[in-house]
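So, here's a batch of structures to check.
Paired with subunit B in one complex and with subunit C in the other, subunit A is shared by the two complexes that follow.
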Partner chain A sequence: MKLAPGDPASFLMDPQMKPEAREQFRRDWGLDEPIPLQYAKWLNQAVNGNLGYSLISHQPVSDAIADRLPATLLLMGVSFALILIISLPLGVWSGAKKGSVFDRITMLTSFVGFSIPTFWLGLVLILIFSVKLNWLPTSGMQDPMLTDAALPQKIADIAKHMVLPVLTIVIGGLAGLTRYHRFGTIQVLSQEYILAARARGIPEWRILYIHALKNAALPLITIMGIQLPALVGGSFVIESIFGWPGLGQLGISAVFARDYPILMGILMMSSMLIVVGNLAADFCYAKVDPRIRTRI
Partner chain B sequence: MIFSKRMAGFLAAATVVFLGLFGCSKSNSNDHTLTLSLAGEPTVLNPILSTDTGSSTVQSFVFNGLLKVNENLQFEPDLAESYTVSSDGLIYTFRLKKGVKWQDGKPFTSADVLFTFERLLDPKTKTVRRSSYVIDEVPIVFKAPDDYTFQATLPKPFAPALASLATDILPKHLLDGQDINTATFNRQPVGTGPFKLTKWQAGAFLKLDRNPTYFGTAPKLNSVILKIIPNEVTALAAFERGELDMVGVPIKDIQRISQKEKTRILRYYPLQYDYLSFNLKNALFKDVKVRKAIAYAINKPALVKGVLQGYGTQVDIPESPSMWTYPKKLGFEAYTYQPETAKKLLAEVGFKPGNDGILVKGNQRFEFTVITRAGNKDREKAAQILQKYLADVGIKMNIQSMEWGAMLQRVNAPTDPKPFDAVVLGWFSGIEPDSYSIWHSSQYPNGFNFVAYSNPKVDTWLAQARTTVDRGARKTIYQLIYNEIGREVPYIFLYVPESVTAVHDGVTGLSKPGPAGLMVHIESVDVE
Partner chain C sequence: MLKVRDLVTQFRVDDHTVYAVDGISFDVQERQLVGLVGESGSGKSVTALSILNLLAHNGRVVSGDIEWQGNSLRNRSQKEWTQILGREIGMIFQNPQASLNPVFTIGDQMIETIRLHTKCNKAEASEKAISLLRQVNLADPELRMNDYPHQLSGGMCQRVMIAMTLSMSPRLLIADEPTGALDVTIQAQIVRLLASLNESLGMSVLLISHDLGVINQFCDYVYIMYLGKIVEEGPPKLIFESPQHPYTQALLAAVPSVHSNHTYSGMVVSGEIPSPINLPTGCRFHPRCPFAMDRCTLAVPELYPVGDGKAACFLVESSN
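And then the complex of A and B:
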């Protein structure tokens, strides 16, 4: 991180500012100390629950992160849930009807969605639904005039602001999971117990949704575990296009401003979430798959 | 394509359902609320600490300085009723207005002014502004003889000091005894200004409401909302949909936006100029003849047209036409587009075309790399056009776009020589024309004279202009500086891009467009 050229002081390009001022800034914030020493200081504070102060806003890092976390959780949580809800039937059905017209259309559209650059899609959606049709707000999370409104009105307002960013994320994220489900279904359907079930005359829908689905959904747990940090980290592109007040925006402005404490805070949180995510995935596996349970 | 149509149909249907569920309420804008956008979250709402545009925008509504800048970029009383400067130019005495109240109701006195300047000088304050109050290593001495008088004594005459003394004033009673760097005040500021901050939703927006106890004319607006929209395309869309009352317009969109109904376009030259500058320690650029040749090789009017589509003006000196020191007529013959003269000058210096057409002198090829900020489309485009003009006279210029931080590290490297050949960059300035830090030979390699320009005459004038308080006399000195630098072309001065703002017709009472902004008279601004 510190290998990125420059530091916050180097951005002070004001002709009315003397070079001493930049040096003094470095001294004030301890940026002139050796990197291992800076790290040791940070670590010492961090284990005591103090993530330090932003070099730019002088705000406690934990406050800055806490301010932004809910917005990101909401946006990513809803998007992720929608992706799951849509991709599961889509993937399973495509897998069951491998090679059918439905399968081909699904695969093609999900690929188109996957390959469209997010920033472009986001802007096109804004142009269509906000500017041309005037249905939805362009950006932000709430209408500033409605922040003190009654709860239902407030929820409706936030929901309206969420439609476009969620749509953008869902279109981009659908392809991956749909393909996982499709592949999982194809694999499971070729197994002997399915053949046995068919031989017993169990209806096809039952085979698909009761017998096959459970097993086909197993890899999903791993993917969820991996996705957890992304859920919290947020998406820089989406958040910046839609002016969504989340962690992605905070992180990216910290990168450009070389706001090390904020970056360390966000990094530490996402590393912790990777660990938590993987742990949670392992536990879920044990719950769902008896073969793994026996080995614990 | 059939699939995308299906998809679009699906999306539209889904959206309709969604809207049906939640209803379609649109907030009424006819409540005297002005909605603007900020490109970035304000960092710290404390005028002596902040360095970003977002914060200074908010501060301009919340705080007052002793003086303020009017539309003609001259100082006018604000918290001060009047001020005098002693005949030796050393003592500035401010008479403060009586009856001014902080937004929490406490009275404003000279103690607050003194407190603000003491914090600025306090080494514990993490401010980058301290050096503005220290002249040749000696700090300015501040005194508050009585509740409504404030005095600053300079160690020697220093004209730029007035702009520094005009800085926004902080309330002593809310900050005394606290660590000013981390005080909660910095996110809940209390000023004397026409608006007070009532809501700050991190990353989303700030809401300012009219301050009923404001000492000046009461504003017509009830509130000002500043929405944080990092993406400029989104901000423009928000303006088109009526979510914003005003918005900065990128050049490529000006044509389209100006054709919109009920929208007017306001334009002015900001205090900024863009340039191509050379590392004068590089053997290629040492000779003034070579730099003149490059100046003759460039068609500036065409460049302004190509990069800015005409929304800008060419400059031949290091200053924007909006600055009060800008001359009516240049005191030297500006370099115009004469590629033949350029070639002749280069031949005089000993450069001859090599086998590939690139000029060679001995074993030195005329090839160099210009660095510019990645993502700054205008400057990247300017670099490409410059590249073509230079190729026409046999000079090979490579372009390297760099991330801002990485680029600044090269330009500001405290080494001699610095690790770059040339840069395309711009300078923004405040209303103070003092450019000592850019051109004085002492400002290399530590300082902003990163090209290593050194001219004893300019050094003398720069120092002289700082100690001359009379505006007319200062102007004469700066024009000498502009002529000398314009002739010697350590930079090729390129253009001043216009600042273009689109405004909905409902917004009234804006001031004459200029570097002081559109809301010099904030009290008369209204939204109908």
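And then the complex of A and C:
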């Protein structure tokens, strides 16, 4: 990060300012110290709950993140839930009907969805639905004209702004998960206990949605644990395309401004999400698989 | 009771056709314990799965008829099958631990099966499950109900599978190498259990196995399979004392015996079982048969009657 040319001083200051003033600024913010020392200082403060202040807005980093976090969580939460709700039955069904027309169409579509870069898809969706058809807003989260409107109207407005970014994330994320679900289902259905269950006359829907699903869910938990933080990371691109006032946008502007404290704060947040995601996955594992439970 | 006639089952693997079962006929009578013997890959399991319509997607019964209580089992609807599977014909498998779903308790799985086939509430089903587990001599059935399959040994899992199948009181139990994955001492216990259930409940059993000792001891009638065909059949006394088909003789010779006094100990089958994709012409055993004649490479021998049994070998035909 620090390797990139430029620093906050040159971003903030008038280019016509004297070099001495610039040095003064650097000294004031401790930017002239060796990097390891800067890091040690930051770490010391961070452990004590102080993430520092933004070099640009002088807002405490924790406040800046807290301001933006709800928007990101809303966008990602809705997208993640939608991805789960759609991909699970889609994947299970195409796995159960492997080789059928339905399966082939699903796989082809998901392949295409997987291949499309999100930034391109986002722009194309904006072009079609906002510019050409004028159905949906191009960017932002709320219409500034509606700040004083009633709550239901506000919710409807936010929902309207969410359609395109959510659609972009879902199309990208759906493809991979559907394939995982499909693969898991195919694998589980070839197991002997499925054959044995069929030999007991257990109806096919019970086999698929009770006997197979719980087993097929096991590897998926890991994948979802990994995908959860990846979704937050992916929001950098989506949020900057759609002007969504979330963490990602904050991060992007912090990168351009070399606003190190903010960047460090966001990175720490993402790392924590990865740890939390994996921990949650482990807990879910133990919940679903009795073989793991006994080993704990 | 069960009548299989000229059953042909094929699999499509890539662009090849695998002739897994090729025109076999056999019967299982009421209360009988019938043995089906053969090497791995001879089509025993496929035969069982063909009967129950449980073949994998690439497998298909091509021709022949399977008659159950006088009605054909072919071309039944999915709904009819849920009535037949378990209730009429039950099946247990080779690997008992893999036959139980790892993420549900023994109790869950038993109660599900019981409630599927008999109308009762959870408590009644649980009571029934415990009494069935007791019937198959599983120790501490109440405790085992809350266990998961991985907490049980292979033998215990097979007892659970048998109890679960018994809960549906099938008329016929197909046991596909039920002891293949178990210790020798447990094997004997499980087969003895099956034989005693056959006796006490009058339930017919089709025992698929390569354990000739077990077959000899418990079966009423035996079929020997080789590469998708039945090569010899008859009561065990006949098969074990005067086997007619060279393959049966070789099978018996391959059994390590403590007494080592059987007549065929010098006979060893050379080579491997041929691929069912590329079947030998004529008699399928001829490439490995020490008595093969020219004729064997050209024509397929039918089952010729010998005493109370039958054997598919030209040697038998000419000796008659």
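In this section, the second predicted complex is superposed on the first by the 283 of 296 C-alpha atoms of A that agree within 3 Å, B and C clash if a C-alpha of one lies under 4 Å from a C-alpha of the other, contacts with A are read in each partner's own complex, and residues count from 1 in each chain.
Everything that follows uses one rule, which is that a contact is a pair of C-beta atoms (placed from the backbone, for glycine too) under 8 Å apart; a residue touches a chain by one contact, two chains touch by 3 or more.
Quick caveat: nothing in here was measured; it's all calculated off a predicted structure.
*Asks:* Once both complexes are superposed via subunit A, do subunit B and subunit C end up clashing or fitting?
*Replies:* Partners fit side by side after overlay.
*Asks:* I'd like to know which partner A:M272 touches here: subunit B for first, subunit C for second, both or neither.
*Replies:* neither
*Asks:* Contacts for A:V124 in the overlay, against subunit B (first) and subunit C (second): which applies, first, second, both or neither?
*Replies:* Neither: A:V124 stays clear of subunit B and subunit C.
*Asks:* Touching A:A81 in the superposition: subunit B (first), subunit C (second), both, neither?
*Replies:* neither
*Asks:* In the overlay, work out which of subunit B or subunit C sits against more residues of subunit A.
*Replies:* Touching more residues of subunit A than the other partner does is B.
*Asks:* May I ask you to decide whether A:L37 touches subunit B, subunit C, both, or neither, giving the answer as first, second, both or neither?
*Replies:* After superposing on A, A:L37 lies clear of both subunit B and subunit C.
*Asks:* Just checking: does A:Q191 make contact with subunit B only, subunit C only, both, or neither of them? Give me first, second, both or neither.
*Replies:* After superposition on chain A, A:Q191 lies in contact with subunit C alone.
*Asks:* One more residue to check, A:E204. First (subunit B), second (subunit C), both or neither?
*Replies:* second
*Asks:* Touching A:I226 in the superposition: subunit B (first), subunit C (second), both, neither?
*Replies:* neither
*Asks:* Of all C-alpha distances between subunit B and subunit C after superposition, which is the least, in Å?
*Replies:* 27
*Asks:* Flag every residue of subunit B that touches subunit A in the complex, lowest number first.
*Replies:* Answer in residue numbers: 3-4, 6-7, 11, 14-15, 18-19, 21-25, 27, 31, 33, 35, 40-41, 43-44, 49, 51-52, 126, 128-132, 160, 181-182, 186-187, 199, 201-205, 207, 225, 227-231, 233-235, 237-238, 240-241, 243, 403-406, 408-410, 412, 427, 429-430, 432, 434-435, 437-438, 443, 446-448.
*Asks:* State the interface residues of subunit A toward subunit C in the complex, per the touch definition above.
*Replies:* Going through subunit A, the ones touching subunit C are 98-99, 190-193, 195-204, 206, 211, 214-215, 218, 288-291, 294.
*Asks:* Across the complex, what residues on subunit C touch subunit A?
*Replies:* Checking each residue of subunit C against subunit A gives 52, 54, 56-57, 78, 81-87, 90-93, 95, 98-105, 112-113, 116-117, 148, 150-151, 161, 164-165, 168.
*Asks:* Can you list the residues on subunit A that touch subunit B in the complex?
*Replies:* Touching subunit B from subunit A are residues 4-6, 10-22, 24-25, 28-29, 53-54, 56-60, 64, 67-68, 71, 105, 108-109, 112-113, 123, 126-127, 129-131, 134-147, 153, 156-157, 159-160, 163, 167, 240-246, 249-250, 253, 256, 258.
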